[in-house]
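The first chain written gets the first letter, and so on, giving A, B, C, D, E and F; residue counts start at 1 in each chain.
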Amino acid sequence: MKEEVFFGEGMVNVKKDYPDLYEAIVGLNEAIYTGKVLDYRTQKLIALGINAASADKRATEKQMMSAMKEFSITKDEIVDVLRVVLLTSGMPPFTKAMKILYDLED
Amino acid sequence: MKEEVFFGEGMVNVKKDYPDLYEAIVGLNEAIYTGKVLDYRTQKLIALGINAASADKRATEKQMMSAMKEFSITKDEIVDVLRVVLLTSGMPPFTKAMKILYDLED
Amino acid sequence: MKEEVFFGEGMVNVKKDYPDLYEAIVGLNEAIYTGKVLDYRTQKLIALGINAASADKRATEKQMMSAMKEFSITKDEIVDVLRVVLLTSGMPPFTKAMKILYDLED
Amino acid sequence: MKEEVFFGEGMVNVKKDYPDLYEAIVGLNEAIYTGKVLDYRTQKLIALGINAASADKRATEKQMMSAMKEFSITKDEIVDVLRVVLLTSGMPPFTKAMKILYDLED
Amino acid sequence: MKEEVFFGEGMVNVKKDYPDLYEAIVGLNEAIYTGKVLDYRTQKLIALGINAASADKRATEKQMMSAMKEFSITKDEIVDVLRVVLLTSGMPPFTKAMKILYDLED
Amino acid sequence: MKEEVFFGEGMVNVKKDYPDLYEAIVGLNEAIYTGKVLDYRTQKLIALGINAASADKRATEKQMMSAMKEFSITKDEIVDVLRVVLLTSGMPPFTKAMKILYDLED
């Protein structure tokens, strides 16, 4: 199931046209999210923070949707992630991510 | 105590020479790490992930030291953070952060 | 007034739902733009340069609008900022920002 | 004179071994720092802000040295630039640049 | 011809309103793409890789279109570039660039 | 052999302590550098360009050493890569990479 959660639409094409690459990504993904000690949910929060910090709208949106749908991560939890984004990465990525979050809510 | 944990040496000068700026940073820091729902420890893991993802040696080193000293965050927990860094940000920030981690251990 | 200038729509939600965070951001903003020696207008030009250099369309657009509306910063002044962006950050952020500038003009 | 100010040691090798590239960079540099309306000093402050925001130690250090030596830009002026860096880019580039500034002072 | 290939719409305005800057960019562009040993096609692949790695949608799209139209660079060649992007820069820029590539194909 | 070329010292520790992660990285690496159409050498040039563009000293240095040792990539070829870095990413990463290149030569 993890794969469906993780991979967006773009990966459908990779699977069809570049199966060797797809297999490697699946293998990598398995190794990432079978951490030794942190649970998958915490790792998703970290991924969300990293994506939001890079001010990448598309990646942030996808992570937020996956976080809320698959892990029942709440809006307040996401805001707590974005607090860290504000401190480490400044206002532009913070306000961009806040806007994405509120737009998703509507 | 949070302030001592958070602020590095550089902030001593800010406090002395630019007290208005220092006060604002203290206020910001308080608002960041008094999240509504996530605990401080989880927020530190997120900050660590963001810093490592940006391949900033100095910031990553400081976050790792603070994480291990003040929160007893273990090496395996940090590696689980770095797994996410590998997936979201690629090999160079991952190997750089792994090297910092092993150097700190010695 | 500075707050209205500075804060975009996203901040309205922060103020309503996360007042502690909002207060900290207001405090930070005050400390940033009450510099000791540089005037506010020069600091806005610097913020504009940093945002354009990071190739963040949303942040660049907002800074340009605020710069032109609130500080009567001219198109030629913005282009002089973007010259520095070209030298320090390359063609993609430069051409992106030039396009934003000309689109705003229309 | 502008060229000596602008170009670091690395450019000596470019001039010797890749004169075509060197000429293009000189031409670019002339076009950047002969802005239409902003003076050279203001453009240097913007370049300093962009370099510090990218957390690039080497580039930040060079810009600070050039700013102080060639333009008599003061420490307080640089801190006012770094205030903007803090707001737009977060704590890690801010504290890194503050440390560089204080180390240069000593 | 190289100029038409290289410069997007935004440069039309630069040429008209800021001819000095335009000339410097043309000179720079000439010096970049008249490499000593690598051919222009290989340099375009490198530029494509750098733009995709920075997750800049607009720049990546432009580079891909120019690569396919002017240099008959194939989809499989671009995917081989994006493999390197995945390894060096992680999943978000990789999946973003893959989506741009497949959207361009349609 | 590709693995020895690719992986730096840091990976020795990953192999020993986190074999699952190591296996995934090996698998990924195989999928990256067995491109369909571009040869390995060209992909290395692209990786070098991406690393230099991100102004990451450690990663740039490693890529340059690997490029020169394992693929007999010449100094002039690397400079042709760095020309593209200058155009896409500006002076600071360009001059930093040029300095690394000349330091390696000595």
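As a convention for this text, a contact is a pair of C-beta atoms (placed from the backbone, for glycine too) under 8 Å apart; a residue touches a chain by one contact, two chains touch by 3 or more.
Here the structure is a predicted model, which is why all the values come from computation and not from measurement.
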| item | value |
| --- | --- |
| Partner chains shared by chain B and chain F (touch criterion as defined above) | A, C, D, E |
| Interface sides of chain A and chain B: same vs different residues, half threshold | same |
| Which listed pair, A-F, B-F or B-D, duplicates the contacts of D-E in over half of its pairs | A-F |
| Centroid-based (C-alpha) most distant chain relative to chain C | F |
| Chain whose average C-alpha position is farthest from chain E's own | B |
| Approximate Å spacing (C-alpha centroids) for the pair chain C, chain F | 35 |
| Centroid distance [mean C-alpha coordinates] between chain C and chain B, Å | 27 |
| Rounded Å distance between chain C and chain D, as computed from the means of their C-alpha atoms | 20 |
| Multi-partner residues of chain B (at least 2 other chains) | 18, 21, 25, 28, 31-32, 36, 51, 54, 79, 83, 86-89, 91-92 |
| Touch-based graph of the chains, sorted into line, ring, star, complete or other | complete |
| Residues on chain E engaged by chain F in the complex (per definition of touch) | 28-29, 31-33, 35-38, 42-43, 45-47, 49-51, 53-54, 74, 76-77, 79-81, 83-89 |
| Chain A-touching residues of chain D, taken from the complex the two chains share | 86-92 |
| Of chain F, residues touching chain D in the complex | 55, 57, 79, 83, 86, 91-93, 95-96, 98-99, 102 |
| Contact set on chain F toward chain A in their complex | 18, 20-21, 23-25, 27-28, 30-32, 34, 36 |
| Touch list for chain A against partner chain E, complex | 8-11, 13-14, 17-18, 21, 25, 51, 54, 56, 58-59 |
